[in-house]
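Presented below are the structures under discussion, each in the form of structure tokens.
Note that chain A is present in both complexes that follow, paired respectively with chain B and with chain C.
Moving on to the complex of A and B:
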């Protein structure tokens, strides 16, 4: 049972990370730097509860806010580059954040433990969940609650005018600008939202694991976070959720495959890109499913 | 001051290795307009394989390099087949993603084959530093610089003096026009992969020699450096890659000297981010398309 809870918790946290890549991607920007926002959120939220004695909810909010702020700041230089160049630049950002935390030392002696970000040692003893007597199952509930709220927001975004603007910018920036969409606003908003969601994911993660170090937010996490929406699909917010559930449950659920996780991720990316470059739930499928519901509504008596 | 000068010289020599990695990236980008993120893992695979003839038969360095080149070409062709050939048109990011996939797959294959431990690498150039004037210079760095020079001379000869080079330049300039004039695009792409992969084989040996071991993180290391150098010099520009590589070598050695080893990579990525954002054409490149 503990094992199932652990896998489910990881799915919840990574699903948020997948959604953060998704929201940046649907306004036409592929980011390989979401792990940087994840790290910013995790370190901030960890410091809130472990060092500054703040509660859990303010810690989540502050972690999200700091990451969103960085997302906003990164959004502007990101406007100047696109496609391949943006992918490389965002990965550069992620690495800058990671290597910065390698050099950050801000510790305090609490009891017999050294608490706080401690360079290459990482950030240990974020024990709010344990000290507060929250069980694994309860914490899973918290994760899923947060995920439900965020997923609800994305469900709204997919159907909203704002979401349509996002998609328009992805499809053709010039055309979007011609019909009066503020492309700068949309793209920066995309990065801000992406940063916020990744930061929220990191804030939940550090309280789940009690520990984070710079190695945990390196290239493998970047690749995992991009693989979820790419496998699941970029046509609907359900895509990254499906991708996360599939990938994590395959690789974590079957113990024999845990060793080969990275291998499977790599091979899956190649296969998906060749056969279904927009993922399992692509725009065509999302439209068709949406169409069914519309039809049903129309057949109701007026 | 004297020490900083010494670091400058060593950085410049070591920069030749970065220039070679960036050169491999640049040639491929110039011809195919694609990033090959698996290039670093090609280099790493070559480094591991060139160790085999040494541990088995105490083979000399030349045999080691040749074994590495053979492996690299094999890996390169595999990457071309799996990651580039079947990509649907109009998906610009797809080859980037597939080669990242290949980077992971190759790295994981090596980790599983070697239990993830670094393997000690022999240095055929001795451990003693050479005294040149008042400076101490590492012999393996000097060898890297010499090999870098030779490799670039060969590459420039191929690109500017052979039919293949002509075809490559034609494809780089205008793929459709080149095709109309009878250039077989697929052949040129494949041969470009063979050329850059052979270069990766040479790089693999020297990268492992200078680091002192063959390690599973060599792939990501080389891909990272290659990207920085290519972006620094201008995408697809070979002279740019040389200038960018030497510059990165100097900057990294100075950063290590003045700020400490943990700041080395941060400086490199800060440069990458800044150049991409503020001067996407790089130091010597034309504007990106």
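Moving on to the complex of A and C:
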């Protein structure tokens, strides 16, 4: 049972990471740097509760806010590059964050523990949740609640004017500008939202694991977070959710496969790019499902 | 004569050493159909890009309704009332016919979903695409795609519409229909500024024509004046004697 709870918790946290890649992707930008925002959120939220005595909710908010701020700042230079170059540049950002945390030391002796970001040792003893007597199952409930709120926001975004602008920019920036869309605003907002959601994911993660180090926010996490929406689909917010559930339950559920994870993810990216570049839930499927709902509403007796 | 809706005043645009436009001035009278012609590479699309903000003029000024727009950003210019179609059709191919226009209506104005939906259908009726509303863009034929692009360009309720080679790839019947559509737009108080290679269309439709050649304006006048203008004849016939003259005239 504990094992199921653990896998479900990881799914919830990684689903947020997948959504953060998704929101950047639907305005035409592929980011391999979301793990950087994840790390910023995690370290910030961890310091909030473990060092500064703040509560859990302010920690989540602050972790989200700091990562959103970095997303906003990264959004501007990101305007100047696209495609493969953007992928490499964002990965470069992720690496900068990782190496910064590898070198940052900001610790305090609390009781018999050294608490705080401690270079290569990582950031240990973020025990707010555990010391507060929250059980694994309860914390899973918190994760799923946060995920539900974020997913609700994305469900709204997909149908909103803002979402329509995002997708227009993704398809053709010149044509989008020519229908009156402020392309700069949309793309920077995409990175800001992506940073916020990844930061929230990291904030939840550090309180789940009590621990993070630079090694956990390296290339494998970048690849995983990009694979979720690429497998699950870019046609709807449900895509990255589906992708995360499938991939994490396969790789965590079958222990033997865990060691092959990078291989599986890499192979899946290639296969999807060739056969279904918009993922399992692509635009056509999303529109068909939306059509069924419209039809049912129309044919329902008043 | 009333004030022109668009005034291009001594605009030059250089790309490195290449002078795509040199010192070009144009005045487009309100309510007119105005054509820009010239051989390939003469700077016509560059002119459109300067007017719609994709490119800033290197020197010179562009005023729309008396307001300077040279170097302004595209979405701002669109909101002032300029719409545009593209030479190589640029529709949102992953969206339905309806959504292509809908996103433009929503970006252009506030309002309830219901009134915006009605506005989209109005534009699709106007371009005779209402029956295709739920179809994907790729299932439309070439002429339908051009009409859809026009519907989308009209979503922002422009007062000036720029059409970049609207008749490219069209047959005789489709061209006649396009000419009718453009006249109908003029009747709705729109000013139309078009780039076109099809000479029969331009000569039958435009009230004034400007001719670009290697980035310079070599002539301007009524269709009759242009057809007999020695520099125009030289630019068109002197250069590509066979194909362009045959394809154009």
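Brief remarks follow.
Here, the second predicted complex is superposed on the first by the 299 of 302 C-alpha atoms of A that agree within 3 Å, B and C clash if a C-alpha of one lies under 4 Å from a C-alpha of the other, contacts with A are read in each partner's own complex, and residues count from 1 in each chain.
Criterion: a contact is a pair of C-beta atoms (placed from the backbone, for glycine too) under 8 Å apart; a residue touches a chain by one contact, two chains touch by 3 or more.
Quick caveat, the model's predicted, so the values are computed rather than measured.
Bringing the complexes onto one copy of chain A puts chain B beside chain C with no clash. When both complexes are overlaid on chain A, the residue A:95 reaches chain B alone and has no touch with chain C.
Rounded to the nearest 10, the superposed model shows the Cα centres of chain B and chain C diverging by 80 degrees about the centre of chain A. Contact with chain C, but none with chain B, is seen for A:177 once the two complexes are overlaid on the shared chain.
By the touch criterion defined above, A:80 lies against chain B but remains apart from chain C after alignment on the C-alpha atoms of chain A.
In the superposition on chain A, A:206 makes contact with neither chain B nor chain C. In the superposition on chain A, A:265 makes contact with chain B only, while chain C stays out of contact range. Applying the stated contact rule after C-alpha superposition, one finds that A:248 touches neither chain B nor chain C. Once the two structures are superposed, chain B and chain C can be ranked by residues of chain A touched, with B on top. Between chain B and chain C in the chain A overlay, the least Cα distance found is 12 Å. Note: no residue of chain A belongs to the chain B contact set and to the chain C contact set alike, using the contact criterion stated above. Residues of chain A that touch chain B in their complex: 30, 77-78, 80-81, 83-85, 87-89, 92-93, 95-96, 99-100, 102-103, 119-120, 219-220, 223, 226, 230, 259-260, 262-263, 265-270, 273-274, 277.
The touching residues of chain B, when paired with chain A in their complex, are 35, 82-83, 86-88, 91-98, 100-105, 107-109, 112, 220, 224, 227, 231, 262-263, 265-266, 269-270, 272-273, 276-278, 280, 288. Those residues of chain C that touch chain A in the complex are listed here as 52-54, 73-75, 78-79, 83-84, 86, 90-96, 99, 102-104, 106-108, 134, 136, 152-153, 155-156.
Interface residues of chain A facing chain C in the complex, by the touch rule stated above, are 161, 164-165, 167-168, 171-172, 174-175, 177-183, 278, 283-284, 287, 291.
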